[in-house]
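Shared between the two complexes below is subunit A, which pairs with subunit B and subunit C, respectively.
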Partner chain A sequence: MNPLLKYIVKRLALLPFQIWLIFSIVFLLMRAIPVNPARAILGEGASEEAVLAYEKFLGLDKPIYVQYIQQLNMLIHGNLGVSYQTLLPVWHSIANHFPITVEVALGGMAIALLIGWPLGAIAAAKKGTLLDHIGRIYGGLLASMPVFWLGLMFQLAFLGKLPIQGIASAWNVFPHVTGFALIDSFLWGGLPSLIDVLEHYFLPWLTLGLIYSGIHSRFLRANMERTLNEEYIKYAKVRGLDWWKGIIFNHAFKNSIIPVVALVALHLATLLGGALITETVFNIPGMGLRLFIGIYSDDYPIVQGFMVFIGIIIVLTATIADIIIAIVDPRVRYT
Partner chain B sequence: MAKRRRSIGKGTIATIVVIIILLAGIAGYYEYSQFTKPPPTLTIGFMVGVTTLDPAKVYIQNGAYDVMNNIFDPLVRLNPQTLQLEPSLAINWTANANFTVWTFWLRKNVKFTDGTPFNASAVKFTFDRILQMGTGPAFELSPILNSVNVINNYEVQFVLKKSIPFFEYMISGPEFGIVSPTAVLKEGNNFGTEPVGTGPFYVVKYTTSQIILKANPDYFLGPPKIKTVIINVYQSSSTAALALKSGEIQLIWDPLQAMNPTDIKSLENVSGIVVKTWEKPYLSYLGMYTGPNRPLSNPLLREAIAYAINRSAIIDKVLGGFGYVPNSVVPPQITGSVQSYNYTYNMTKAEQLIKEAGIKPGQVTLIAGYPSGNEVRQAVLTYIASQLSQLGINVQLTPVTTAAWIQGLNNGAFDLFVIALAPDYPNPYGWLQMFTSQAIPNPNRWHYVNPQVDSLISSALSSGGNTQLANVYYAQAQKIIGQQVPAIPLWGMEGYYLMSSKLHGLPYPDLLPTMCLWLYPAYLS
Partner chain C sequence: MLSSLQLNRIFKRKKAQKLALLIAAAYVVIVFIMSILANYIAPYNPYTVNLNQIFLPPSFKHIMGTDYLGRDVFSRIIYGARYSLGASVIAVALALFIGSIIAFTTAYIGGYLDRAFNVVMDTMYTFPLILIAIMIAFVIGKGFFNVAVSVAIAETPRFYRVVRSSVVSVKNRGFIESARLSNIPLRVIIYRHILLLVIPPLAVMSALTMSDAILSISILGFLSLGIPPPIPEWGADLSVNRSALLVGAWWALTFPGLMILVTSFAFLLISEMYNEITIKGAGEI
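Then we have the complex of A and B:
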């Protein structure tokens, strides 16, 4: 069998074990905390009888091991349960919120790469010059900037000029078809509707994009600086190859990109789990915000279901990243 | 010599692609700029979550009540400005001599928004469903309701298990909104996302982050002026404030005071924005556990604490000025409330009482519990702790999870705690029941026992609907409670509208204790 294929099969074969591990850890952690979801939902005015009745309704009156086996059995059958708060299936929440998070994550990451990679490459190529210093200051500043602060500053700066919250204007009431706002808006209202959504996404993308561009530019610069000290680069210089196209792009950049791709995959996987702070500041109905509400309201199924789903996403994203690395770098061979 | 074929380079392809994207973008933006946007709608920012829109499943008064209030009608409705009951789906009602059988005559020619008719069977269906499901308002209803009987198509009778002179008030809330039986049977568990009532609006879209309502053109009072309402749920106070300033929303609805006072202040004196405030009948108390063998079972210590707490300072310094000082455990807006809490800030008097009680500095440590993450309660208790430290009383601040805090209240784990109460109906009983021994541990969180107070409140309930007589008993009870002070009425909440100057018609003030959004009279200029 093709080694890469063998590697993919092995990675995916581990997935059920990883899901079980995530589910078990979250299950135990949630129950280790001394909370009572029935109490949390009924509120402080509820009587003991009401709480006990609702515990029974939620299945919380059963012994922990019985709850564990029941919920594990549901998980095996692809059932993530029902939210304690809304009494709607957890998959329903994921279907509503995950596509939005995908759009926010991909858009932000695209901006991060479009800005961060060229900056990092230029800084490495012009090491010691003013451009390098600017690149390094930019990288350091943006990488350490709090997301909520940058988001708030953009909101203040663009108040009245661009939408500062939500994903669509009041008139743009497109129905849920695919769950992706960019697609659903276009299907419903054509270009005007799509542009309205793009306007709403602009500031969150810019916020995430700038912060991650700082991280990636620093990381790429560091890798390229190492690569540029290699013997074959010196040889290429001696051979008279063009500095930018021949050396920087064809050799230094391509040979430095592998760990950066891995970092992109890691960041993307994290963002796909929900950019909580960005979603809160810009009021975007993504996974992070919904998970936060679930944790805050002791909604076990939402927390468990979302964590399992995010775990799957992270594993799949990491696997895809490994595949890309194997394709890009012929030195990488899986056994 | 053969000519070399020129191939299209990658750079050329990239350039062509970029030009195509740019041209598409320009064309798209031109079309967008020519696009005529539909008439403005009312967009509201909710600072509370909306868990479900099924009245039979709503447990706590969060944003669900505010939406349901506009899509369902109860039999009778409380006017938020006058706190008087008004006909809604019932045009008249009466009770028998001992208030155990209530008859309601229903409005004719009313339809649910799915086109099916409203009648007595729908009322019976609604209440039977609540009792059968045993969730939501069932906890309030099942101890008192025996059965609902259909007399004829437009007459329905409620048979109660005991005498309730204010039963009509108890069923005036949106949790008792009448549902369409056809829709319930059709939607089943999905009724909470596809609700059908008779109200001035109906739901077009519901998610936990956004709800869209459209006007019901056949509403029995006439169609509302606003045709579309969009509700966005916010987690961030600053984002909601900025959205109001930018005009993206026209109203911030914040019945539970989740907005940061700094963000509220930032909206004052802003052109195009109106901040309207009023005093609500919703009080927060400093509860003191008076159970046996505990420090606060000593009335002298409780009185000393009452003198040591500067309530005005708490409102100014901790609550950002949002609140008022109550003069009774029953809010002043409620008929029957009397001036009965007379402890004003006086540290000298407090010290005298401590000496009289024989308490030495550092001898007493009080456990003050609060739900972690509740910044208001934490801040208030911290301030109180600093005030009590001047008397030599140690206060141990103890954050716990919400559920652990409620359990702690039940079993008397805390000596001090801050709680708020807002009964569903504007009757002094709603507040005074917290001080009856039958209500231990909930809502009598302070485990206060006074047979005289029990007797007075029981006499008020047995006054046969004679409100004046009942209020005499209630007044006496308030004076005893105010003097013995098992709980200090710390502050009364202020309600507020944070809204665009273009929005008019919202009830002002909204004296319902927890407020309940009522959009029917609203309009945009």
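Then we have the complex of A and C:
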């Protein structure tokens, strides 16, 4: 068989196993919690009978392996359970909050690349100079900066100049259509409404973008460094091509970008973690905010369902990234 | 052959790297001493609430101002080093221990056991560190040791990967086989031929992981899943002081965050500079 095809099949075959693994770990962890959920919901004053009855209602009276098989079966059918607090399906919360998180994460990623790639390209082109060292220090500083603190600093700096909480002003009450705030607001109130949402997204995007720009500038710098050592770059130099446009952009940048794109996909997972935390700083009603509400109110199905869902998203992007890398870089296929 | 000009550049760069390593290490030592001698250095008791002195700006009396309960920010930062650094050190030590033990045994035995662990650890590795830590902290609850354990579990796959790749690369090499054939005991083989080889990359990974552990512990603290208030942990202090935004008390939000940033950066610097000086060597110009 074609080695590439074989690799893709092998990688895809691993996927269900990984999802099962994530589900099992999350399930077992959730059952390790010493708190009785029925007791937590009903409160300390509830009678023993009420707690037992509620346990039965939640299905917690069955042995743990029965619960495991039941929930695994539910997961296979795309059911993530029901929230203890709202008694609505977990899918309902995901449908409401996930699109917002996607907007936060992708906007942050776009800014990270817009800042990180030019920095990385300049650093590689000016290797060993002061500019390169400044770029490295910048990357290191941002890699060790707590994302929530940068958010707080922006809130301090832009207090009164830009909105620092939520995703829309009080007048901007667009209804839930697609779940994506950028689309829904435009459908409801046209451009002014969209601009209002963009203003609210600006600081969270900037926070995430700056934090992750350091990593991407490093990725690109490392890859361009490798490309710049290639023979065809020497040939291009000998031909007398213009350094910035001819060599750096047309030869080095374009050839370095493909492996970096796969790394970007792989890095979406890390960015997702940052996005969830950024949401809590800026009070943006995405998955992060909902997850922490679930955590503080001991809403186990929400926590379990969200974690499994995020896990599935992460292994999916990792698989796609691996396949892109295998397509681009033939060496991977034969390992 | 290297020209004298190139050699000159190598030495210059090595000098700069050593200087950076020295500064970062000195900073880390100072913070450690600060955390141990907090009782003597801190000008105030970090727990003393003084509602008459809420959000006082920095002055000679309170060099970093006071927070939302009138507590001295500088004293809280000094005491905070104990909890933030202490929990990070425990987390990294635990992760190093667990990860290495698992990797050594499974990789040395090989076969299906090794493969199964590899898939589990790889799946964990693709997860953002902080998400694993959040979930485990949710399960085992707040507190100093619980936070350290949460972060340790999240970091275990990193050490596992470092050790496993070293063991696998060495395991089938000729000198291991000849050592085995000449009846050298297993523990001697592991100690002399594998462990000594793994130590430099493990040291680099430990410093890098310290940098991440400090961040993760502060994030858990900020999300009130970590070391609970009124313990002066840096991240938790940022969370409880969020009302400072409304009155513009920047000092209560800036200084604890700066401590996290600089301390985490120092460990990152140590890891990178040490890596470049010892492992990569002078081959690179």
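Observations, loosely collected:
As a convention for this text, the second predicted complex is superposed on the first by the 286 of 335 C-alpha atoms of A that agree within 3 Å, B and C clash if a C-alpha of one lies under 4 Å from a C-alpha of the other, contacts with A are read in each partner's own complex, and residues count from 1 in each chain.
To be clear about the criterion, a contact is a pair of C-beta atoms (placed from the backbone, for glycine too) under 8 Å apart; a residue touches a chain by one contact, two chains touch by 3 or more.
Remember, predicted model here, so these are calculated numbers, not experimental data.
Contacts of A:A53 after superposition on the shared chain: subunit B is touched, whereas subunit C is not.
Which of subunit B and subunit C touches more residues of subunit A: that partner is B. In the overlay built on the shared chain, the residue A:L14 is in contact with subunit C alone; subunit B does not reach it. In the superposition on chain A, contact of A:R290 is made with subunit B only, not with subunit C. When both complexes are overlaid on chain A, the residue A:G140 reaches subunit C alone and has no touch with subunit B. After overlaying the two complexes on the shared chain, residue contacts for A:P163 are found with subunit B alone; subunit C is out of touch.
In the superposition on chain A, A:V303 contacts subunit C only, with no contact to subunit B.
Legend: residue contacts after superposition of the two complexes on their common chain; A:I33 is shown touching both subunit B and subunit C. Contact with neither subunit B nor subunit C is seen for A:Q67 once the two complexes are overlaid on the shared chain. Applying the stated contact rule after C-alpha superposition, one finds that A:N96 touches subunit B and leaves subunit C untouched. 33-34, 152, 155-156, 159, 164, 280, 292, 296 are the residues of subunit A that lie in the contact sets of both subunit B and subunit C, per the superposition on chain A.
Taken together, the subunit C residues at the contact with subunit A in this complex read 9, 119-120, 123, 126-131, 134-136, 138-141, 211, 214-215, 218-219, 222-225, 235, 238, 242, 245, 248, 250, 253-254, 257, 260-261, 264-265, 267-269, 272, 285.
Subunit A meets subunit B in the complex at residues 33-37, 39-50, 53-54, 57, 85-88, 93, 96, 152, 155-156, 159-160, 163-166, 169-171, 173, 175-176, 190-192, 194-196, 280-283, 285, 289-290, 292-293, 296-298. Put simply, subunit B touches subunit A in their complex at residues 27-29, 31-32, 35, 37-38, 40-41, 43, 49, 51-52, 57, 59-61, 134-135, 139, 189, 192-193, 204-205, 207-210, 212, 228, 230, 232, 234-236, 238-240, 242-243, 245-248, 373, 400-407, 409-410, 419, 421, 442-443.
Those residues of subunit A lying in contact with subunit C across their complex are 14, 17-18, 21-22, 26, 29-30, 32-34, 128, 140-141, 143-149, 152-153, 155-156, 159, 164, 266, 269-270, 272-274, 276-277, 280, 292, 295-296, 303, 307, 310-311, 314-315, 318.
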